[in-house]
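Here chain A shows up in two complexes: once beside chain B, once beside chain C.
Let's turn to the complex of A and B:
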C-alpha cells in the first residue's frame, strides 16, 4: 500500500504539471488548447535534440531549454492561430469553439513533425543526463526521479499560485480573464498578458514533458494524448480555473487510478477517469471545487 | 450561461480528443495495371502504434521488389508495389482490403497487427484473392482458407525453447505482463506460456494485463515485483516496451525479462542498461552469427543497398515478397490470375523457399515454420544468446 502511495504521488505530480498549464490557458484566454499535449511532447523533443547535438549538458540546462522552447512554441501558436481567430470571432462562444478546432489542427502538425523527427519510434533522453538511483526504504522503492518530479510539482504549483494571487501581473491576468475590455480601459495590455499566459502554459507543458520522459524512460510522438484526456478529467473535477483544485484532483485521480490499477488491473483504470467525468458532469457541472472561474482564483 | 458553454466546449473537446486519438491517417502511392507489370498491394500499419514495425516491413518489401526488378522482374514482368497505410486501425485495414481485392493486384500483402489480419483474411478468402500476412501471430488467420498464408512463424511456437533455456538457467517461476488489446499477446499470456510453464514445472506468480497506449506502468510493475518471480514475460509493444521495463526495474524487479520479437528492431535501445538480460525469440536478427546462410547474406546485401542493418520486420517484409515472387516464377510467362497465384503459392509452400528468415522457409497448414533464434539484449545491443538449441524451433527439423 505504501508503495502504491509513492507511485500515486509521482503520477499525480506529472498530472499536476500538465493540468496547470492547460487550466491557465483555458482560464485566461478561453482557449481549450488541445495542442497542450503536443507542446508537452514537443518539450521532450527539444530536450532530445539538444542532448543529441550537445552531449554532456547538465540536466538543468536541458530542462530550461525545453521550457523556453515549449514556451516559444505556445506563444507562436497564440500569435499565429488563436489570437487572429479570437479577433475575427463574433462572440466568446464562437471564439472558444473555433480556437478549439484550431488547436486540434496545430496539435496534429506538431505531433506529425515530432513523429517524423523521431522516425515514429520511441526516443529516450540519455541515461547520463540524469542517473537513476533507487532507494529501498523499509521495503518501499523510491527513485531520485520520483522525488525530482514531486519537488518540481510542489515548487512550480506554489510559484504559480503565488504569481496569480500576489503579483501585479497575476492580478492583471485575472482582470483580463474577468473583463478584457474593462481591463484595457484601465491600461492593462490584454494582448501582452495573453501571450504571457500562453508562454507560462507552454513552459509548464515542456517541463512536465521532460520530467515524464525521464520518469518513464522514453517518449514518443503520441505521449501527450492520454495525458490530455486525464487533464480534462482533472479540470472538470476541479472546475475550470481552480488552480488548487487542479492540484488536489491531479493527486486524487492518480491515487484512485493507482489503487484501481494495482488491485483491479490496468484494463479498468482509464475507464474509471471517464466514469468520474460523467458522474461529475451530471451531479455538479461546474466541478467540485469551482469558484466561478479562473478570474477569482 | 458561461458554465454551460464551457461544459459544452468541454464535452466537444473530450469527443474531439478521443476521436483524434482513435483515428490515424492513410494514404497510398504508386500502382499501375500495365500488361508487363505485376501489381502487388501492400497494406501495412505505417502509422499509429504499429508504425514502429510496420514501416520496416514496408522497407523490407520495397528492397525485395527493387532487387527482383533490378534482375529483370519475374517472367519478364516488373513488379509494382502499391503501399497503403492501414494506420494500425482495424476499420482502415478492412477498408483498404475491400478496395484492394477489387483492384488488379496479383496478391495482397499485409503487416502487422493480428486483429487487423483476422478481419482481413475472410475478405481475401471470400474474394478469392491471394493474401500473404506478415507477423500477426494469432491463430485463426490462415484458417480463413486456401488463399491465405502467413510467412512469419507464430511466436508462440518459439516460447517452449525460450522458456526451457531460461529454466535451464535456474528460473522456476515467471510473471507475465501483457498488452490486453493485442490478441497475440493475450493468447501467449493466457494459453501458450501457462501451458509451457506447466510442462516445465514453472510457477506463474502473476499475470497482469495492461493497454498499449498506457504511459504509467508503476502499478502493474509493483504487482509483478511483489510476487517475486525469477523471470518476467513482457508482452507489450512499441513505446510501452521501454516504459514497462523501466517501471519493473523501478519497482524492484532486477531479474531477466523475456518477450516477443516486438522487443527487437531497436525497441530496447531507449531502455538501455535497464533492459539488460532481456531475451526474446526472433525469426531474424541482424547478426553475422545468425545460424543460417540466407539470413547472413540478406544482412550484408541489405546493408550494402540501404546503408542500414535490416530489422526482423524488414526481413519479414522481404520474405512476404519473395514468397510471392517464388510463386510468380512458377507461373513464369503464363497467365497471372488470382487462382494461378493461389495454386503456385501452394506449390511453393510444399517445397519451401529461400528467405531471410530461413533456408528454406517451410510451411505447415499455410503458416511459415522457420528455425528462429534466441536473442539477448546485453544492455547495449542485441546478440545471439549463448547456449541455445539450433534451430531454436525443434519443429523446424521435425523434432518437435
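Let's turn to the complex of A and C:
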C-alpha cells in the first residue's frame, strides 16, 4: 500500500505539469485547448527522435530540446490557428467554439504525424538516457526517476506561480485575462502575452510528456487522450486559472485514483474523473479553490 | 449507374453517417449550446442496437425505437444535470462524457463485448434506409432554420440575455436542442452499426469527434446543408482518394479544418452566399447596409452565421 502511495505521488507530479499548462491557456486565452494532450505526446516524440539521431546526449539536453520544441509547436498553433480565428469571430461564444474545434483539428494533425513517425507502435526512450537506481527508504522502493519527476513538478510549478503572481509579465498576463480591452489601454500587448502564455503551456506539456515517457518506459501516439480527461477534472476541482489549486488537486486526484484503483478496480478509477467533473460543475462550478468565479490565472 | 453505385457504396455509406453525425453537433451549436455529447450518444445508439439485435435477437426496427427512447431519456437527464453550464464548461463536461462512453464500451464486457466489440449485427437498414433517415433529419433542420424557430435559434446563439428578455425560455430551448442533438447522434450510431454489422470501441472517442467536426466545419456550421456537403467531401472524396485507412487522413482533415475555420467561417455552404447575385449587386451599388449586425446576402436580413466585422466585446471574462 505504501508503495502505491509513492506511485501516486509520481503520477500526481505528471498530472500537475500537464494541468498547469492547460489551466494557463484557458485562464489567459479563454481557449479549451484539446491539442494539449497532442503537444504532450509531441514532446516525447521530439525526445525520441533526438535520442535516435544523436545518441549519447545527456538527459538534461534532451529534456530542454523537447521543452523548446513543444513550446514552439504551441506558439505556432496560436499564431496560425487561434489568433486569426479569434480576430475574425463575432462574439466570445463563437470564438470559444471555433478555437476549440481548431484545437481538435491540430490535435488530429499532431497525433497522426506522431503515429506515422512511430509506425503506430509504442516507442521507448533508450535506457541509457537516464540510468535507473532504486533506493529502499523505510521499506519502500523509490526510484531516482520518481524523485526527478517530483522535484521537477515542484520546482516548475513554484517558478510558474512566482512568475504569474510576482513578475511584471505575469501581472500583465493576469490583466489580459481579466480584461483585454482595459489591458490594451494601459499599454499591454495582449498578442505578445498570449503567445508567451501558449509557449509556457506548451513547454510544460513537453516536459510532462518526456518525464512520463521516462517514468513509464514507453510512449505512444494516443497517450495524451486519457490525460486530458484527468486534467479537466483537476482544473474543474481547482477552478479555472487557479495554479495553486491545480497543483493541490493534481496530487489529490492521483492519490484518490490510486486508492480507488487499489480497492475497487481499474474501471471505476477511469470513470472517477468524469464523475468528479459532473459533480463539481453542478454543485460548485467556480471550483473548490477559487474564491470568486471570475478569478483567473 | 448500378456499377458505379456498387463500386462506391462504401464511400456513400460513410458520407451518410458522417453527415448525420455532423448534423447532430450542428443542431446543438446553432442553439448556442457548445455540446459534443451527441458523439457519445453515437456510441449509445450503436451499442444499443448491436446489443438488442445481435445478442438479444430483436428486429432492427423495435431495437432502434427502444434505443431512441433510451437516448431521449438519458440525454434529458444529462441536460438537467448540465443545465447550469455554459460555453467551455459545457464543452468540457460533454467531451468528458464522450471519453467516458468509450471507457464504458471497453469495460462493460457483458453488453458491449469489451475490446472485441459486437459483431453479427443484422444489416437491415441498408444504404437506402440511412439515406431516408438523413433526408428526414435534414428536412427538419432546414425547416427549423427558417421562420420564427430559426430566428429564435439565431437569437439564442447571438445574445442569450436578449433572448431571455424577449420571453424566450432559454433553458427549455437549450434542453430541446441538447436532446435533439443526442437523438441525431444516436441515429448516426444506429445507422453505422447496421451498415458495418460490427462495432468496436475503436469506432468511438476522439477520432469520431474529429471527423464529425471536420465534416461540419468544412461543409458549413450554420447552414442545414453543411453536414451533407461536409459528409460528401470528407467521407466520400477523401476516402476515395486517400483510402479508408490512409496514414495521412488525420493530417488532411486537421489542416483543412483549420484553413476553413480561418478563411471560410461559413464553410463550403457559405460559398453560394458569397456568389449570390443579389449580394454582388448590392456590393456594387451601396455599401453593405445594416447596423453591423446583419450579414450581407441573406434574404430577409437573418444572418446564418456570425458576423465578422462586429467588434468582440471582451474576451477575457465570460462567466
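Following the convention adopted for this analysis, the second predicted complex is superposed on the first by the 289 of 297 C-alpha atoms of A that agree within 3 Å, B and C clash if a C-alpha of one lies under 4 Å from a C-alpha of the other, contacts with A are read in each partner's own complex, and residues count from 1 in each chain.
Quick note on the criterion: a contact is a pair of C-beta atoms (placed from the backbone, for glycine too) under 8 Å apart; a residue touches a chain by one contact, two chains touch by 3 or more.
Quick caveat: nothing in here was measured; it's all calculated off a predicted structure.
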| item | value |
| --- | --- |
| Simultaneous placement of chain C and chain B on chain A, clash or fit | clash |
| Touching partner for A:7 - first (chain B), second (chain C), both, neither | first |
| Chain B versus chain C as contact partner of A:89, first or second or both or neither | second |
| Which of chain B and chain C A:144 touches, first, second, both or neither | neither |
| Partner chain in contact with A:227 - chain B first, chain C second, else both or neither | first |
| First (chain B), second (chain C), both or neither touched by A:98 | second |
| Which superposed partner A:134 touches (first chain B, second chain C, both, neither) | first |
| First, second, both or neither for A:217, with chain B first and chain C second | first |
| Which superposed partner A:117 touches (first chain B, second chain C, both, neither) | neither |
| Stretch of chain C, among 93-101, 129-137, 273-281 or 291-299, that runs into chain B once the two complexes are superposed | 93-101 |
| Chain A positions touched by chain B in one structure and by chain C in the second | 32, 34, 92-93, 96-97, 100-101, 104, 107-108, 115, 225-226, 228-229, 232, 236, 267, 270, 277, 281, 285, 293 |
| Chain A residues touching chain B - in the complex, by the definition given at the top | 3-4, 7, 10-11, 32, 34, 92-93, 96-97, 100-101, 104, 107-108, 115, 119-124, 127, 132, 134, 136, 141, 143, 146, 212, 216-220, 222-223, 225-229, 232, 235-236, 240, 257-258, 261-262, 265-267, 269-270, 277, 281, 285-286, 290, 293 |
| Parts of chain B lying in touch with chain A, wherever the complex brings them together | 2-7, 9-14, 16-18, 20-21, 47, 49, 51-52, 55, 180, 208-211, 213-220, 222-223, 225-226, 238-239, 241-243, 245-247, 249-252, 266-267, 269-274 |
| Residues on chain A engaged by chain C in the complex (per definition of touch) | 26, 30, 32, 34, 80-81, 84-86, 88-98, 100-102, 104-109, 111-113, 115-116, 176-181, 183, 225-226, 228-229, 232-233, 236, 267, 270-271, 273-274, 277-278, 281-282, 285, 293-294, 296 |
| Complex contacts: residues of chain C adjacent to chain A | 29, 32, 34, 81-82, 84-85, 87-89, 91-93, 95-97, 99-100, 103-104, 107, 157-158, 205-207, 209-210, 213-214, 217, 247-251, 253-255, 257-258, 261-262, 265, 306-308, 310, 312-319 |
